[in-house]
Amino acid sequence: MNTLEVTYKEAYAIVQMNRGKVNAINFEMVQDLRDIFAKLEANPEVKGVILTGQPHYFSAGLDLIELFQYDKTQMTDFFVSFGALYLELVQFKKPFISAITGHSPAGGCVLAVTCDNRYMADGDNYVIGLNEVAVNIQISQNLTEVYAFWMGEGLASRYIMEGKLLSGKEALAAGLVDELVPLENVLERAETKMLQYMQADQEILVNTKAKLRKHLFNKLDLRAENSLKEANELWWKPEIRAKMKAYVESFSNKKKV
Amino acid sequence: MNTLEVTYKEAYAIVQMNRGKVNAINFEMVQDLRDIFAKLEANPEVKGVILTGQPHYFSAGLDLIELFQYDKTQMTDFFVSFGALYLELVQFKKPFISAITGHSPAGGCVLAVTCDNRYMADGDNYVIGLNEVAVNIQISQNLTEVYAFWMGEGLASRYIMEGKLLSGKEALAAGLVDELVPLENVLERAETKMLQYMQADQEILVNTKAKLRKHLFNKLDLRAENSLKEANELWWKPEIRAKMKAYVESFSNKKKV
Amino acid sequence: MNTLEVTYKEAYAIVQMNRGKVNAINFEMVQDLRDIFAKLEANPEVKGVILTGQPHYFSAGLDLIELFQYDKTQMTDFFVSFGALYLELVQFKKPFISAITGHSPAGGCVLAVTCDNRYMADGDNYVIGLNEVAVNIQISQNLTEVYAFWMGEGLASRYIMEGKLLSGKEALAAGLVDELVPLENVLERAETKMLQYMQADQEILVNTKAKLRKHLFNKLDLRAENSLKEANELWWKPEIRAKMKAYVESFSNKKKV
């Protein structure tokens, strides 16, 4: 797998996103994540999974520079596959923890909110949040549900409508992350939590997780081809396309400097 | 419209309640609010609405002195119309913000909770809350849903059973208001927020708001004639009628002093 | 009733659990609680109920030492009856308050979360929480619902998966208790709250409580024989049985010292 590194510990696995410095999400990375999580779900030796990123960036979200080049077929494939990945992660049956090593906006936050626990690097103005409104991407119904699960409907409503990126402290106050930890300890903190989970009877733990997400699952549209259909349609809206173009160009120019 | 003043800005409208010093809600005011919000919803030039009140009073709630004089037909008309207004405001599709310029108990709070954001005047012991239990009015199922949407079921349950009026600080802690702002800046703060909303793609914003309220809408009884039926029946219960009479008389006497 | 003492005040009743120093819950105590609450629900003179415990222990939860001796029939009877008690308390129609006089883990917390208000003794490291995962008991779907009702789905999810016991301060922050009060004032505080409820129109109050719990009731499986079926099956799982045996023996040894 080009975009991930997987480490197997005695009873759990660590999946590190490993695509450049910022872990921008493209089609290949989505496929790699879907493949590895399907394997980890099926592997009885693996009792839990930690997802982590690169120093300073858990994931910068969707790779808009690459996605902007996709034709309509590619973009549809991307959205269907990303919608499926999200559903698979939300429904992952075993304990699942994010070690958020830095920024985690938009698509980065999408991955993180599927987990049972989130430990986030403190300091350096790292941000996290579903800021889709601010970047002209249509958020899916499925995604709003999980945000509301963690922070309540009221705060989820206010933050999603604003397209807000939260500081670590704001994310902690909102219940979006469990703890703020110095960057160099984020993975270790996640592993300590995982070892705590490993003390429990695993049958009871998996049953319990399923119960805790029962109503969430009932709210989700499990058809991946539906969940980002609207996002896909609005992606090609001329005004939005123009804004995306300006954004991609400004960003490409910055990279050249 | 006798009870409202409407100001049209470039892309949004400000509706100021304007019925005496305290904006007590009578049948006429309910009708005026229903009329103006229907027009604003239909007007494509208007991308959002701010609702505000008078200095020190957003709205004191239902005009119990006038309502106490209504006969059974008038009272039924009032409750059906007020229930309908509430449903129309909750379902208002565009960004909708309250600039809460002071006290906002009971019916005043009913209006405010339908909004996407609430900025409340700080200081002077301004209070807000659904204190129906304390004033012997039967709260509707529809109203409990929106309170729980903003503050969670647990806190909504405790506060509604108590009939509690919240100070600004309590309302902020509960998620019932977004920010406390000096009285003279409340409207300005709401306008700044509205201008922020205007930066977003309006199609995406309206879609997003609908998604965020989907489950809330599923919980509501959309038949306005049903939602306050129980309140209407209990309004005429002799013990409650006697308490209301004592309250109205004490209040009328105060006004004469 | 061997395990309870009931005091009738002018308009409400106080039920004090009275089984040893720690109020460990056995079959007899469950039956006593079911009997008394059925009577109190039916008694029109009783407008509300306060449940309280012994100094330092509201209830230590299930009496694992006694339960460990139960045969399969006895254990099935226990779980069905305990599941029924929980459902009856959650659905108790009148105002219902817990005066939590100390520790309240697992089964003790199960009783407390059914109430409308919880006042907890401050100090002495008293703990409360649904720590079933940590003690190898399968939590029921019905129980997760009420925890989420009070603290939101996100926090309930994190705390239940962890099997966490909360300090008073953590419980207060989570919305699991309303206030921390010195031990000697806990019951008095609950009574003051009850007297406040007695000021309201009781018909309105009972209606209002029913509305506030409507969606909670919709989420519950009201068939008591189902709700703890899974807990009953896992109770007899050999690995769990072995852990329980070790726990019971260590505890019995401690008692002998």
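Letters are used for the chains, namely A, B and C, taken in the order the chains are written, and counting of residues starts over at 1 for each.
Everything below uses one rule, namely that a contact is a pair of C-beta atoms (placed from the backbone, for glycine too) under 8 Å apart; a residue touches a chain by one contact, two chains touch by 3 or more.
These numbers come from a predicted model, not from an experiment.
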Cα-superposition angle relating the copies subunit B and subunit A, to nearest 5°: 120
Self-contact between copies subunit A and subunit C, residue sets same or different by half: different
Centroid distance [mean C-alpha coordinates] between subunit C and subunit A, Å: 37
Residues of subunit A whose C-beta touches two or more other chains: 152
Subunit B contact footprint on subunit C (complex, rising order): 95, 116-117, 149-152, 175, 178, 196-197, 200-201, 203-205, 207-209, 211-216
Subunit B contact footprint on subunit A (complex, rising order): 132-134, 136-141, 144, 148, 152-158, 160-163, 219, 230, 234, 237, 239-240
